[in-house]
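There are structures below to look over.
Next, two complexes with subunit A in common: one pairs it with subunit B, the other with subunit C.
Showing the complex of A and B:
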């Protein structure tokens, strides 16, 4: 079987990637708009096309608990969720991150209730930005496929040992078909490698206790190590992006951010997810009108691309940050991080924040262009 | 990049992690060698690994480790043959 070019939804792009990576254990509970990922994988397991162990569970809390348990035992794992399901998993999201388990969990972004809605915003995964997970936000279905593959290579490195959340916008990507190049299964598996030398595994000859009480010195040692691993992850994500590009010919900026347009712009639009991809069309339109604008898509929200943001702020004159999630009582998540980076590094490039697209509100490039013009 | 093992929230067993817990005891278990059938049920139940298992081949009954035995009495309660009884500690 060689490379295939197909029309595929974002959800099935995740499934196709997972199929190629061959996890030992999959557990998940259905929730819109994630369900199709797991539905397809369970079909593949049932037909024998995949020989993963599929654990049927009664809730998302159990889904991640099952997968985390399997990961402790040395298995390669996968799960997926969205919105309310991610919230219900909450306890285990932090547990998995703090335990340093290399779980990969696709999060199909969907806003939180009430009011009840199934469409996209990033509030669900952003609420878990402090859980010790690497978060990678995608712009299209090809990137969804590629990021899911890359996630395993990042998570399972011994010098990182962190769970990874590839995030994709609900419906905009999850249920919309577009052209996807499905790389050769064997090549993908070779790229990721097997997981025969796991980060941790059950060894009856050398028993240990996990999750037991620890004294403050051990607790702080673990948290400091997590912080350092996140810092190292920046270089790892970049390296994996580069290696991926050399192997498969597809690349996503430097792995942490993706720039569009020329430096020295009067206005730089910074965004995340599909809205940041839409922004590139706004840039084309504004540039054709003779305006000096460019854009940056933040691909990796955790670890945050601090150094790249510093570089961008120094090379341009003003930043317009568009968020699709918000911290009530403060401001948009992306804006918050960018302002903090600039303040800490004494950079006085002005930052304007705009929260748009909550609850699946459509944000076409024309509207982004309009907001840009208002702030030029 | 150098390979690095993560610092995980796991603990490997070490002897006496909580100190000499035998000091906590108000009662001590005593085994009657005549009644002990060397079944090792008490050894399985002891939450503090404070019992050395009996050995039938060598005809050795169980031995308590009073350095760590907290005197909880689970062994005496579980013994099906009434071979263990608790005696008040006298200082």
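Showing the complex of A and C:
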């Protein structure tokens, strides 16, 4: 079986990637808009196309707990969730991050209730930015497929050992078909490699205790190690992006951010997810009108691309940060991080923040262009 | 051949080593030593928040001689299922045991427990019940008997006891048993029998807690034995193939009410029942009858 070019939804792009990396154990619970990912995987497992164990758990809390258990036992694992489901598994999101288990969990971004809404914003995954997970936000279904594959290579590196959350916008990506190149399964598997030498592995007859009482000195050491692993992950994500590009011919900026347009712009629009992709059209439109604008898509929110943001702020004159999530009582999450980076590094490039697209509100490039003009 | 006390003295493998932090007279630690000791060579133990997460000790001094994973409160069976599936996929043999208290089983953990049972995940859940949230200082749990004074029922618990073994029978676990720290060889036999079944297995152990029960730590076995002899704690086994319950040899004669000691004998050596009214005692007798009435439907 060679490479295939197909029309595929974001959800099935995740499933196709997971199929190729051959996880040992999958555990999942249904929630819109994620469900199609696990339905497809269930079918592949039950039909024998995939040789994985699929645990149909009774809640998201148990989904991540089961996957964590399997990961402790040295298995390659997968789960997926969205929105309320991510909140419900919240205790285990932190547990998995702090335990540094190399779990991969696709998060199909959906806003939070009340009221009931199934459309996209990033409030769900942003609520877990402090949980010790690598978060990679995607712009289109091809990237969703590619990032899911890359996630395993990053998570399972012994010098990283961190769970990874590939994030995709609900409906905009999850339920929308677009062209996706599905790489040859064998090539994908070879790229990721097998997981026969796991980070941690339970063995009977080899007693050890994981997670028992810990004194403050050891606790602090563990968290410092996590911080350092996150810092190392920046170079790893870049390296995996580069290796992926060399193998499959597809690349996403430097792995941490993706720039669009020329430096020395009067205004740089910084965004995340599909809205940042839409921004590129706005840049084209504004550039054709003779305006000096460019854009940056933040691909990894954790670890945060601090050095790249410094570089961008130095090379341009003003930043317009567009967020699809917000910290009530403060400001948008991306804006918050960027302002903190600039302040810490004594860079006085002005930053303007705009929160848009909550609850699936449509944000076309024309609107982004309008906001850009208002702030030029 | 049933296990004897002599066999236990000669047990080649100890699951519980010296230096654990359990209180004097702790029923849970005693049960862990023998129940897990019986299967120690192939055991993997998953422990949610409970006294066992504390008394195992810490750092290099952990006193459990089996692989031990400490996990979030409401998730022991899900983690155990994940471990078991992963080990099966890797072709490794293991007896994966979720070892949880009554809070982590009957209350916050019950959805996860029943979920694993529905799926017939090939694990053993052992619920050691001290009838209270002991680790947090003795609050009422779903398995607290009527009349017990706890820190959240200072004037006596009014709610009926949640009989988790019956819930697991109704939910078609492959094997269900009750056991007591007063009858350790019986407990060991039940653990060994449980692991011979495929699918989901469940054992509840009545495990004395001198701190919460306000009993003398030297009386831990005596209190547990009186629970059986007064009929408060029926000892039985059930499996889903036969759908029949069998009373354990040690407890069978207490099926007949005439052979039972008055429940007051069990109450009177525990400070937690001090000050119970006649009404409360009547309600407790009724709740014990309720358990036996249910169990009778499955007895020959």
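The definition used in the following text is that the second predicted complex is superposed on the first by the 375 of 376 C-alpha atoms of A that agree within 3 Å, B and C clash if a C-alpha of one lies under 4 Å from a C-alpha of the other, contacts with A are read in each partner's own complex, and residues count from 1 in each chain.
Everything that follows uses one rule, which is that contacts are C-beta pairs under 8 Å (C-beta built on N, C-alpha and C of every residue); 3 or more make two chains touch, one makes a residue touch a chain.
Quick caveat, the model's predicted, so the values are computed rather than measured.
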| item | value |
| --- | --- |
| Clash or fit, subunit B versus subunit C on superposed subunit A | clash |
| Which of subunit B and subunit C A:232 touches, first, second, both or neither | first |
| Touching partner for A:73 - first (subunit B), second (subunit C), both, neither | second |
| Partner chain(s) touched by A:210 [first = subunit B, second = subunit C, both, neither] | both |
| Partner chain in contact with A:58 - subunit B first, subunit C second, else both or neither | second |
| Which of subunit B and subunit C A:222 touches, first, second, both or neither | first |
| Partner chain(s) touched by A:24 [first = subunit B, second = subunit C, both, neither] | second |
| Chain touching more of subunit A, residue-wise (subunit B, subunit C) | C |
| Which of subunit B and subunit C A:164 touches, first, second, both or neither | neither |
| Which of subunit B and subunit C A:144 touches, first, second, both or neither | neither |
| Identified clashing stretch of subunit C versus subunit B [6-14, 150-158, 204-212 or 240-248] | 6-14 |
| Common ground on subunit A, meaning residues reached by subunit C in one complex and by subunit B in the other | 206-212, 214, 218 |
| In the complex, subunit A residues that touch subunit B | 98-100, 157-159, 161, 199-200, 206-212, 214, 218-219, 221-222, 224-226, 229, 232, 235-236, 239 |
| Contact footprint of subunit C on subunit A as seen in their complex | 24-25, 27, 52-53, 55-59, 61-63, 65-75, 77, 91-92, 95, 202-215, 218 |
| In the complex, subunit B residues that touch subunit A | 1-13 |
| Touch list for subunit C against partner subunit A, complex | 41-44, 46, 53-54, 56-59, 62, 64-72, 74-75, 77-83, 85-90, 92-94, 111-112, 114-115, 118-119, 121 |
